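Each of the two complexes below includes subunit A, the first together with subunit B, the second together with subunit C.
Coming up: the complex of A and B.
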């Protein structure tokens, strides 16, 4: 799986180039994301525009990343499709990860 | 259900009933009976009281030890039919007897207690006269005593039902006559409940059916026949855990919508207990060995049940030395949730599934021992509270997996429903 990153000030914008984050790639996804955190990026904004589906393992990986970011870090989401948004809302994780409409809004929330 | 009843005092009515479930407890039941009698005479002398031994027709002298114990109050002996065993069956006999006697307050205490005082009876009964239906004890236990409680029963009760009841499988409880009648008509009774699943079943039913639940300080550490947590678990593990999992399936409508857990009302206060509970020895090497053996034996089941994300972390443990083992609370919670969903779907035959969980429970126990090795009782308790809080945060994983995994029981998941 490919993940690209772009810096916006002190915030790192991350784009996972996959259409689903599920059990089959959760281990790899988590590792790559934690590598980004370990490289010093603890304020992350995820662009989920390509993601159509996320399962429990994908959520688990994201929560692990959130925890790895530490108390001064943060993980925000934007461009979240309805099918993905619904699972965040069902599990109440939408309150943990702020879900934003645009990249600007997500980045601004961390600055 | 056939039962054997000996009622030499011809007891027909009783407002307060204390039951002592037993099987092969001839060496300890006399002491417990004596303390119960002292407590009832001292604190409830104006009420009609009876002490009942509910037994599994023990082949030793349990009945003789109970009936032969000198007491001021009447005693009743009730046994299941010869060959019929199970703690739950004893307790069902107690419920039936208590309802027949018209009891308002019912207490049960384990027959192997060595730390019971007359006040325990008072502490378990008094809240019932103040409007509570179910009274759960709080007592100091050694940090390594009650590892099924600490690692599974307590955290899952918090996570699933939103109420912090520290000793949900304590074995010593108080309950109202109203709750006893409700237990007798409850539909969720099954074979596991008839045995060691009874304690967690009573607690879960009391909470989930909306009865008034409280905890009460007992004032002395619990002292009984404690076991090395690495010792053979036998059927107790899968009866208790199987009951928790079965009830999680029955009560999904509760936990899916429960918020953070709340503390339970506490009756009394800490009483300044300074007495240390008796030590429990742990064989760390045996716990690790059991895990590694279990990994080899159950690997195929684990790969079917446990999500790769969690299995990956679990697999790394086999290369660590016993004193370095860590199993984080969030990983442990997600593994339990993987097993609950597999249990719901009967992915594996249920007893086999629960047996496959035991080695992971052992390694989690070892991790807890490592984390708390240098802690006193209070610090270890604070540590466990934080672990439970972390486990509560993982509820999203269960909700997502529960909804996204196609159900095998004919009930469509939300995902299936939306796709149709």
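Coming up: the complex of A and C.
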């Protein structure tokens, strides 16, 4: 799987180029995301526009990334499809990962 | 009643075989209201259940298989996910503490939240998780959340 990154000031915008984040890919996804954190990017904004499906393995990977980012870090989301948003709400992880409509809103929430 | 059966080696790289089949089958259910949500919910539950089944088979000496058995009735869908692991007691699995945001343990909680009936059967010929969703109930009854 490919992940693109773009810097917006002190925030790193991350775009996972994948349709599904489930157990078949969660380990690789988590490793690549934590590599980004370990490279010094602890304030992340994820663009999920290409993600149609996420299950609990994908959620677990994101929680791990969130915890890796540390107390001064953050992980925000935007362009989250309804089918993906509902699982965040069901598990109350929408309270952990702020879900924004736009990239600007997500980035501004970290500035 | 129509039924469909899929059996595949218990390896995570085959997970999409099950979820793709589920999506195709559920898309054919003649339910006009909220069909899109129904398909997404069923795909999610299949993904969770098959992931658990594959993990339950990890570490076995012989090559293990996972199975997906769909039963499409006029009023409900019954899905049985088979595994060849040691099995577990469904009632003994704790719900995740949603206030502490754990990294694992959401799978069965998600299944129970979406499905109308869930049970786990341990048998000599193999265990299976049975999930039932009725078509005449709201698809987003999140009463457990």
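Methods note: the second predicted complex is superposed on the first by the 111 of 111 C-alpha atoms of A that agree within 3 Å, B and C clash if a C-alpha of one lies under 4 Å from a C-alpha of the other, contacts with A are read in each partner's own complex, and residues count from 1 in each chain.
Rule of thumb we're sticking to: a contact is a pair of C-beta atoms (placed from the backbone, for glycine too) under 8 Å apart; a residue touches a chain by one contact, two chains touch by 3 or more.
It should be emphasised that the depicted structure is a prediction, and the values quoted were computed from it without experimental measurement.
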Scan A:20 for contacts with subunit B and subunit C and give back first, second, both or neither.
second
Touching partner for A:63 - first (subunit B), second (subunit C), both, neither:
both
Which residues form the common part of the subunit A surface touched by subunit B and by subunit C?
23-24, 55-57, 59-60, 63-64, 67, 87, 90-93
Which residues, counting only subunit B, touch subunit A once they are in their complex?
307-310, 312, 330, 334, 337, 393-401, 403-404, 414
Where on subunit C does subunit A make contact in their complex?
12-13, 15-16, 19, 36-37, 40, 43-44, 47-48, 51, 54, 96, 98-99, 101-104, 106-107, 109-110, 113, 140, 142, 145
What part of subunit A is in contact with subunit B in the complex they form?
23-24, 26-27, 30, 55-57, 59-61, 63-64, 67, 87, 90-93
For the complex, give me every residue of subunit A touching subunit C.
20, 22-24, 53, 55-57, 59-60, 63-64, 66-67, 83, 86-87, 89-93, 96
